[in-house]
Structure formats: structure tokens, C-alpha cells
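Two complexes, one shared chain (chain A), two partners (chain B, chain C).
And now, the complex of A and B:
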């Protein structure tokens, strides 16, 4: 049964996942091509000075990429379920309604997290080649909330797409935008260091929000 | 004979708008009930209640002995469900969708599905979204046949089908249901050909049931008479024994459960002058329109 669910979900998100993976990899490569260019071809001293003294974030292009990944995977996975109310087919399958939806969400989360983990791994791995450990660590602390925002976006967009009524959807969108804004508050590199675990806690809270959408659908809100 | 579906005192409202109150019906094992009504009469609402997608304001539906609000996985496996417009996972092709569903049903009959698919002129990788409505109907039907459920719940399956596919769908379904003693609950607002499929009919208008009986009985007892009024300006009241009236110029169509003699007696008692009293033979579609009205 789980195999069948994964099979269907993968058909829906395969193309978008691979596309996003490719784009993300190219962006990370692009960031370090630029770093290499600055260090070797241009003025390495002033570049170092910018990072160390002026707290310049050399990877700001990465800021909203995880968010877009989470958003697009959720859209690719759940919009086909609400077109023509196909979610009825899913809920009619001979298994518990909540369990099947949670399994779908879990698979989408796994794909989102895997793509983001590849980005993060590449970003930190390539960073280690150019920078000392301290800068790589601060880069991790800076980007971690952005990557967590990607995961949060996945759960929020899944919840919003599955919500049966547009009125509620718009309200949730506004709430979602404000909620995701929290992840981008820090101005300086590593400024959200002590918020990472609270962010994880918040994500854990919204991870099962899709169950509320399904509850509303089954109550007849269509 | 045991009831596969038993709906007791179903009442539902959307906000303040009443869909129906105290709707009662049941479907015996092996029989086919058609819920016929115009758009908005409450057909899909009933289907949603039966499938547990909607909680009625009051009353309940028992499906294979279980309350429809709390259907177990075992019972859901025994209900084949066809959504209005033959909606399926359109992002899959016919092989992918079969592979997906087969993972949920231990008694999956893949031959039944592929026998039907062999008749379709589709390419192996063609997505369901690119198929015609008729082809999609066959995919949806094939999946239900492979599931081999006890109860088939079909929501307006005739929608969008051309006459050929409609006839094919109905004949295939009828043979299958009768050979295997399956129970079918179907809704439709297109009545053409439905008498080939259903045993019992429940005809609904807004808020109420107009008729609920075996199709043969309905077609035997529900009559249409036509007369030509001598005075075309005269207004004829809609009252017993007349169920419905359609008037065009001096021609009056009378729909009733009464015999010709009773109607003639009624017209005479009302002092209506007329000529050319005729009884008109009706198909189920004619009778449906006669009962529910053209508007």
C-alpha cells in the first residue's frame, strides 16, 4: 500500500523535483564560481574584508530557493488532488483517510528535505574548499532558517491547497506569508542561531495541518 | 433479500437551503437503483453522504451494515466509486493507474481491466488527461470491474458520453451486475437509455421525492394523455388526480397515475370542452420530463 502511494506521488512530483534539483545545483555552483572569480581574478583582500568585517552574505541568491522548492513540490503534489475533487478518489481508497494523507505528506516532505539536503551539502562542501571552518559554520547558521522555511512552505502550501474553500484558503495564505516571514528576519550572518530549534518546533506543529483540511473536506465543506 | 444500502430519514441543508428532509430509501442486494433528477436536485449530495464525504444534518446511511460516516477499510474496498465526469488520476496512463490501484485491493482482477482497455485505441504511454470522455469512462469502468466491489456507486456516469459510449457503458455494466449479483446505486440527469440499466427509480425534484418504485411499475402506472382544448385560453388547475400539466396553445399534456376514464371524468366534472383524447406511450425519459416538468 505504501509502495502504491509512493508510486503515485512520485509520478506527480518527479519532473518538478528533478528540475528544482538541477536549478539548485546550478545556483550553488554559480555562487562558488562567483566566489572563485572574486578571490582569484578580482581583489581577494577586499572580498575577504567584506565577508569578515562588513558581514556581507556572499550567498544571498540562495535565500528564497528552498522556499520555492517547498512551495512548488507541494503545488505539484496536491493541486492534481483537488482538480475535479480527485481527493475523493484518494479518500475512498480502502485505508484510513488520515493515514493515507499523512503518508502522502511524509513522502513530499522526504523529497523536499532530500533536495534541500543536497543543496545544503553542496553549499557547505564547496564552501569548505574556499573558506575556513568558522565562515562555513556561520554560513550554515545563516542558511539553515532559509532551508527550514522551505520545509515549512511545503507543509503550509499542502495544507492551503487541500483546504476546500477559497475564502479560508486566502486567509491561510496571508497567515502563511506572515509565518514564513519569521524565517527571514535575521539581518546579519548567523543571527538566527538560537532560533533554529524553535523553528523546528514550529514546523513540527504545522506538519499535520493537512489533517485539518481533510477533516473539513469530510465534514462537507466543498 | 438483504439491504446493501439503507438510508434512514436523511436530511441535509446547505446553509439555509434545504436539499431534502427525511429521505428514506434502500437498495437490495443485486438490484440497481437509479436516482434521477435535474441538476441541483441533490443527487451528488446523496452520493457524498453514502461515501462518507458529507455528514448529513440528521439521519444516516448504512452501507453494507456500517454507518457511512465511519466506513472501515474493509467496507470501502467493497464499494466501487465513479465520480461525476469519470474523474480519475489523469496524470497517469492506463498502466500506471492499474499498478497504483492494484496495490490497494488484494482481490484485484487485472484481466477484467485490461480486457476493456484492449478495446480502447490508446497508446501505452498516453495520459488519461489526453483521452476522450468516452475513453476515460472506459478506464474508470475498467478499474471498478478490476476492483470487483459488492456495491457500485456511480455519480452521473452518463455525463459527457456520446450515445455509443453511453450504450456500451450501460450494457457492459448491466451484464456485469446481473451476472455477478452486484448492487448498483447510480444517479443521472440524462435519462436516455437508463431504463436499460436500472431496476428501481427514485425521481427527485428540488427538496422532494416525486416517485420511488420499480421502473416497470412506474412506466406502467404513470400515464400521459393529450387533449385539444376547445378554448385555448382556459387555465387548467394542477390538482389531483393530475400530477403535472404542460400546455402549448390549445394542446394540453396531462401526466397522471389515473386511468383514462378517471381523467375523462375529471375533465367533464370541471366542464372542460376538449377533443382528440389520446394516451401517449412514454419512454423513461418522457416520463421523467412529464413528472419533473420541462423547466
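And now, the complex of A and C:
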């Protein structure tokens, strides 16, 4: 059963996942091509001084990429399910419907997290070629909430797409926008050190939100 | 069971989000400006004067409530406003028997400020060591240093450690008794300064050292400090008078000056500094230093003479927002508020403010009644909604929105 679910979900998100992976990889390469260019045309110490003393963020372009990844994967995975209410078919399979939905979400989360992990790995790996560990560590602390926002966006969008009523969906979109906004509140490189675990906790809370939508769907909210 | 759990987790996240968003919207629309007066101490009259921005205009008073015009105010404070008097040709020849020399006044005049957030900010712990005896001004070095298990210089161009230089400086520090790693570092990492005095470094044995690069070679001096002198921050300066290298704030919130002449650690007679909450502004002239401590609740000014004795002090309470209409309405509307940023730290975090007043309970009670009416109207059982009702009472408007946004329907 798990294999069948994975196959079905992969068919839906394969194209978008590979496309997003490619775009993200190109963006990370683009960031460090720019760094390399700056280090060549400027004095390297001035460029470092900009980062260390003036707190320049050389990777701002990355800010909303993870969010877009989470959002698009959730849309690709769950919008086909609500067209003509196809999710009904899945929910009528002779097995526990909550388990099926959780497996679907788990697979989507796994794909989102894998793509984001590739970006983060590349970003930090290439960073350590150009910069010392202190700069790489602060870059990680600065970008980590952006990546967590991507995971949060995946869970939220899955939950919102599967919500049966448009009126509720609009409320949830407003709530989702406000919630995702908190992941972008850091105003200084490295300032999010103490907020990462609370973010992880909040994401854990919304990770099973889809069950709430499915419950309402199953009970006939239309 | 799981759908119910997922609903309560969503309600929890919604309460958290509302607790952040709604007070923030409220403040955006209704926040008021509290302008704290600027205080100056007159060398001429030995008393404080205040300049305050009221209704779009500057008002000048003394502490007895006498009002002054701007010109009178400038005349009462000739040293504080000596540029104005120099321009007008009205600078007195002497004050307190001391002849006033414009060059000396300029040199002795200084101003420095340190906000609480500078004590709580992320730090890369990589700094430049400038050439202190440069013949061609101050330029950025090709490397930055860290002081962990040894002193290491990382070259920017190659991102590699300069082993020879690292060895040389590590040895110079060890020869003077430095025990790695460093606990606190103080210096001016910018090249926008008039001179370079290197870095002051406290080691893991609480010893203090002064490190400079002089003609490409390390120069290390050990500074005698009291036993158990736990430094929190070393605030260096490049004041023209060169009276002191740095202002040192210790873990127990005492303020000291590290004197240039003999590395003496000079305590300042200030007892109630709180580095986590207050901004400290220090100014000085030929006659006195003033140290101003500012936080939300008050401004306190100390006047200190050249022998570091306290001459006078002043404390001015500021109006608290919690006692103004904006604060009272806020406490009525919200049982608590959450912020992610605060003015005293550059670290984000979940900063929760619980209000002292219980006035929010009135609105909570009303919202509980509305919730009960809605439950009854929808023919839902009270028993299944007890947790919702408790949540609405204790989290007020946040919980009310959350439990209704994620309806607890019984099918």
C-alpha cells in the first residue's frame, strides 16, 4: 500500500519537484558565482569586512525560495485531489483513511525536506569554500528560519487546499500568511539562534493539520 | 482522536499567531511617542537644565520649572554649547578660574553611547587587527583573527589560516601568561577611526591583556585588574583627549574606565546601571563627565568631576505606556502579547508580556458568554466544548478567534 501511495504521489509532484530542485541549485550556484566575482573585482578583505562589520547578507535572494518550494509542492500534490473531489476515492479505500492521508503528507514532507536539504547542504558546503566557519554558521542561523518556513508552508498549504469550504479557506489563508510571516522577522544576521526550536515546535503542531480538513471533508462539509 | 488533536494543535498555533499579530496591529495604529527630555549640567550655575520636545516645539527649563528661550538656555550652558558661543564670540574667558581655550575644549569634549542591545547581539567573533603605528593611515588588514585555542589569522583572499602569523601572535600572548581561549574582546573593528589602539582581551583566567600590532609585530601588555574582575563588555573609543582607552562594564553591572596613562581601572560612582535594560550615554568636557542611564521608566543623570567623584545626580521618571490610555485599552483587549523582537536585544525570541492588570478578564468573560450562546444555538454539547471555553477565558480574544476559526463541530 505504501509503495502504491508513494508512486501515486510521486507522479503528481515529480515534475514540479525536479523543476524546483533545478531552480534552487541554480540559485545557490548563482549566489556563490556572485561572491566569487565580488572577491575578484574587490579586495577580499573589504568584502569580508562588509559581512563581518556592516552585517551585509550576501544571500538575500534565497529568502523566499524555500517558501515557494513548500507552497508549490503542496499545491501540486493536493490540488489534483480536490478537483472533482478525487480525494473521496482515496478515502474510500479499504484501509484507515487517516493513515493514508498521513502517508501522503509524510511523502510530500519528505520530498520538500529533501529538496530543501540539498539547497542547504550546497549553500553551506560552497560557503565553507569561500568563508570561515564563523560566517558559515551565522549564514546557517540566518537562513534556517527561511527553510523552516518552506516546511511550514507545505503543511499549511496542504491543510488549506484540502479544507472543503471556501469561506474557511480564506480565513486559513489569512492565518497562514500571518503565521508564515513570523519566520521572516529576524532583522540581523544570526539573530534567530534562540527561535529555531520554537519554530520546529510550531511546525510539529501544524504537521497533522491535514487530518482536520479530511475529518471535515469526510463528515460532509461542502 | 487524531482529528481532535490536530484541531487543538491548530488552535494553539492560532493563539500564538494572534498573540503576536493583534497587539502588533494595535500598536501600529495607536502607539504614542514618549519623548524623554535631554538633560545638561551647567558648569556655570551647578544645576541641571532640560530640553524637551513638546507639541512640535523645543521647551527649555531648569529643574525648578523656570522656562528659558533657546538663547537664554545656550547662555546658561556655555561649555555644553561652546561651538555656538565660539561662533558668536560669546564664550567666557574663564570658568571656575580655568582659562577657556577653544582647542582644549574641543579636545576634551566627547560623547559615546551604548544601547542595551549591544550587550545581546550575534557576533561573528572574527575581527581585524589593524597596524597601530601605520605611516599611511588606517587600512584594512588582509586577514581577520579569532582567539579560540590559539590566536588564528584567516586570510580573506584564500580563506586559509596564516600559520606563521598565528604562531607568532599566539606565542607573544602565551609569553605574557595569556591562557586561551579568550572570554571577552574589546576593540574598534572599523577603519573609520582617528587612531588604532588594538584590542583588549580577557583570557579564560580572567586576566586582561592589551594586544596591538606595531610595525607588523605583536605588542602585548598585561593589565593589572582586581581579583575576580568578570568583564561583560569592553567599549573602546578614539576620543581626542586619550584620557581612557575604554569603558568596561562588568558582569555585576559596574562601570569602569581603563585609563590610558597607566592602565588603571578607574571605577565610576554609578550604582544602578542595568546593562540588559538601559542605554548608557556618556559625555565629557573640560570640567565634568555626565553619565546618562535611560530605560522605559526613567532617565538618570550622574555628574562626575575630573577626580571621578560624584558631583550631582538627577532622576526623572517617564510616563509609562501601561498607565496611559493606550496601555489601559491594550490590557483590556489582550491577556498577553507576544513579540519576536525587543528593543533591548538583537536576538529574536518568543518574548511574552503578561499584563499586571486583570482588566482583560472582563472581555474574556464576555467572549465566554458569546461562545456559550453560539454553542447553544448550534445545538452542541457544553461537555464537548469545555476546553474551548477554558481557552477563551484564559487567552481572551486570541482564543475566541482561534476556537471559532477551527470549529469544533459534532457530526
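Here, the second predicted complex is superposed on the first by the 220 of 222 C-alpha atoms of A that agree within 3 Å, B and C clash if a C-alpha of one lies under 4 Å from a C-alpha of the other, contacts with A are read in each partner's own complex, and residues count from 1 in each chain.
By our rule, a contact is a pair of C-beta atoms (placed from the backbone, for glycine too) under 8 Å apart; a residue touches a chain by one contact, two chains touch by 3 or more.
Note that the structure is predicted; figures quoted are calculated from it, not measured.
Peer 1: For the overlay on chain A, clash or fit between chain B and chain C?
Peer 2: With chain A aligned, chain B clears chain C, so fit.
Peer 1: Using only C-alpha centres after the superposition, what angle do chain B and chain C make about chain A, to the nearest 10 degrees?
Peer 2: 140
Peer 1: Quick one: classify A:48 as touching chain B (first), chain C (second), both or neither.
Peer 2: second
Peer 1: After superposition on the shared chain, which partner residues are touched by A:68: those of chain B (first), chain C (second), both, or neither?
Peer 2: Neither chain B nor chain C is touched by A:68.
Peer 1: Is A:84 touching the first partner chain B, the second partner chain C, both, or neither of them?
Peer 2: first
Peer 1: Using the superposition on chain A described above, determine whether A:118 touches chain B (first), chain C (second), both, or neither.
Peer 2: A:118 sits against neither chain B nor chain C.
Peer 1: Per the contact definition in the header, classify A:16: touching chain B only (first), chain C only (second), both, or neither.
Peer 2: neither
Peer 1: Going by the contact rule set out at the top, does A:219 touch chain B (first), chain C (second), both, or neither?
Peer 2: both
Peer 1: Now for A:1: first (chain B), second (chain C), both, or neither, which partner does it touch?
Peer 2: first
Peer 1: Give one of first, second, both or neither to describe whether A:92 is in contact with chain B, with chain C, with both, or with none.
Peer 2: first
Peer 1: Applying the document's definition of touching, compare chain B and chain C: which contacts more of chain A?
Peer 2: More residues of chain A are touched by C.
Peer 1: In the superposition described above, what is the shortest C-alpha distance between chain B and chain C in Å? Please give a whole number.
Peer 2: 6
Peer 1: Which chain A residues contact chain B in one complex and chain C in the other?
Peer 2: 219-220
Peer 1: Considering only the defined contacts, which chain B positions touch chain A in the complex?
Peer 2: 48, 51-55, 73-74, 76-77, 79, 81, 83, 85, 87-92, 96, 99-105
Peer 1: What does chain C use to touch chain A in their complex?
Peer 2: 2-3, 5-7, 9-10, 12-14, 16-17, 20-21, 121-128, 140-144, 146, 154, 156-157, 159, 189-190, 340-341, 346-350, 405-406, 409, 411
Peer 1: Can you tell me which positions in chain A touch chain B when the two form their complex?
Peer 2: 1, 3-4, 7-8, 11-12, 80, 83-86, 88-89, 91-96, 217-220, 222
Peer 1: Note which residues of chain A are touching chain C in the complex, please.
Peer 2: So the residues of chain A touching chain C come out as 39, 43-49, 51-53, 98, 129-132, 134-135, 138, 141, 159, 168, 171-172, 175, 178-179, 181-182, 185-195, 198, 202, 205-206, 208-212, 214-216, 219-221.
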